[in-house]
């Protein structure tokens, strides 16, 4: 049974251990928890994946529809990311419209995918200026044990790599589905690496209790060539310039490690 | 032992005021041996202590302070009073009645009703609860006539003046009775509305120019000038 | 009124569309204490962006159950007026506004001594009246001044500035066109005394080396903004003092 009544004693313990370079669960400061990845878990969805990052569990489902493009990019497909902190995932999640946390989560994952141009949107045009594929990425958090951002980013990428678009032909102004599928054109593999600042140290992949103790959080998304494509600082505290730059270097390394787990071959 | 400003120089939040040996006084904080200002105001150094006289700050209740407040709610056994602090103040019926409150007999709105202004004293206040008031001393109670001026609480000491020099001058020159609430509200009652108007004008001038020198003289001049012109 | 998208944002001499050099801040005009009802307020014009910030508090928390026992609750609402952008924006809060409200709050929180006022709320409102890029940064800059104007004790002012990469060059204080047409946008907020980066976001693509250069340029921009903030706070008292002590 989980409880959010974290005792001050435990919080102190976590902070003290980290100041001497150790973590309560035995990990090193830059170690990720165990990642378990399963894709194609929802057959009804065009793409899907389930990720367990330690005990955090996130499922991502991808649905593809045909719709209107944005007027300023009439020949490009549309990408949209939404996240739901489903109430069953944590005693702290309430049912209702998306709150600032689920919106922030969705937008961070969105930025990573969009800015790295991971999905070749220009290849998703059905009828120029009129109809394009809309890729709905829905993040469903099933269990919150810390670091929802990285878990969601891993699951989203895995789901995209798993996504198949139906074949179609446009006849008489109608989009007709034909048999067969084409994989969604994915050409970049952004990975989010989140740090927590605890006892003035940077700690990668914070779990829930570490998140309760942390001063602030910093997420850096790195794409396949080592470039940074998204950054987000969160939480009430702050980072020094030196810490930000240090995080960037560590993020490059960790992103590469995570990528090997998701991108096969 | 370095300090970085002249006395009575204008500083802003985050300005480095002193280092090392100094003690952090009002409106400053110390971090890593350095003392910084937390509010906009005039810095002053006294012995080994540095503080800032804030030019604008809200009132935080202090036990023993005399305050002027407005009744905003008549509750079940007392009143809730707005004393222009982040917390509402409580006045218990038992304090006014000087005996336990009897709900069947005592009609609270007839004693103080919503909208009434009262002069009271703070008898209790700490971080875990709202301030508690009393009106059980002479000079405290409902205000029935006169005028109220509201200024920023940090300038109240200026209205009082060194050893009461400013407030005594005001009383003398305008012939008004002046009661000062530590929370920035000042009650003025005079023989005529004109006298009260003068007092109010003088107080506003003090508030505007609180950070300047020779203020007492200039306010006295202004009052005399206005009186002469009537 | 539709804007035409120009073909080049920076010319061969490194001069931008509005005549600025790569490292130049837009002209800034700040006024503190502009609203009579709010406890503190400030207004900024940075290039064509016009933003107003106001603070109410510390005061009783409504609804009561949100009150924190040991500190003040800082709440922030970043909102864009429907007429502030090219195409009228619906008044309903968008997802972007909700995210920005959160990150702006988190950018300012480290500067406020919230632990001094338990069980109260400090409500911050940022209204973008006209948007031309960098609104979250100008919003933080002016909100910090509104907090100071309200007499709320602070560790330091928070200064913010955005840097981007446009047509291959690193550029300070992006306009909306530069942001949309550029390769990266990095807004940053900084609290000088603690060397604290309190807001940091990025979208675009930068190598780690470019990212470091961008951070340094943003810091330079923040330093300039910080000086402007200090001057703006002092100005009204200085003029009164001078007039009176003549």
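Lettered A, B and C in written order, each chain numbered from 1.
We adopt the following convention: a contact is a pair of C-beta atoms (placed from the backbone, for glycine too) under 8 Å apart; a residue touches a chain by one contact, two chains touch by 3 or more.
Because the structure is predicted, anything quoted here is derived from the model rather than measured.
A.B. asks: Where the centre means the average of the CA atoms, what chain is farthest from subunit C?
C.D. replies: B
A.B. asks: Can you name the chain whose C-alpha mean lies closest to the mean of all the C-alpha atoms?
C.D. replies: C
A.B. asks: Indicate the whole-number Å distance between the mean C-alpha point of subunit A and the mean C-alpha point of subunit B.
C.D. replies: Here the centre of subunit B sits 54 Å away from the centre of subunit A.
A.B. asks: In whole angstrom, how far does the Cα centroid of subunit B sit from the Cα centroid of subunit C?
C.D. replies: 34
A.B. asks: Could you give the separation in Å between the centres of subunit A and subunit C, each centre being the mean of its C-alpha atoms?
C.D. replies: 28
A.B. asks: Touching at least two other chains at once: which residues of subunit A meet that condition?
C.D. replies: none
A.B. asks: Show the residues in subunit C shared as contacts by 2 or more other chains, in ascending order.
C.D. replies: Residues 191, 194 of subunit C touch two or more partner chains.
A.B. asks: Looking at the complex, which residues from subunit B come into contact with subunit C?
C.D. replies: So the residues of subunit B in touch with subunit C come to 10, 12-16, 27, 29, 31, 34, 36, 38-40, 54-58, 86-88, 127-128, 152, 154, 208-209, 211-214, 218.
A.B. asks: Help me check something: in the complex, which residues belonging to subunit A touch subunit C?
C.D. replies: Those residues of subunit A that touch subunit C are 98, 100-101, 103-104, 106-107, 111, 114-116, 216, 218, 223, 226-241, 244-245, 248-249, 252.
A.B. asks: Quick one: which bits of subunit C touch subunit A in the complex? Just the residue numbers, please.
C.D. replies: 95-96, 98-99, 101-103, 106, 109-110, 186, 191, 194-208, 211-212, 215, 219
A.B. asks: Write out the stretch or stretches of subunit C touching subunit B in their complex.
C.D. replies: Counting only subunit C, the residues touching subunit B are 39, 57-60, 69, 113, 117-120, 148-151, 153-157, 191-194, 229-230, 233-234, 237-238, 240-241, 244-245.
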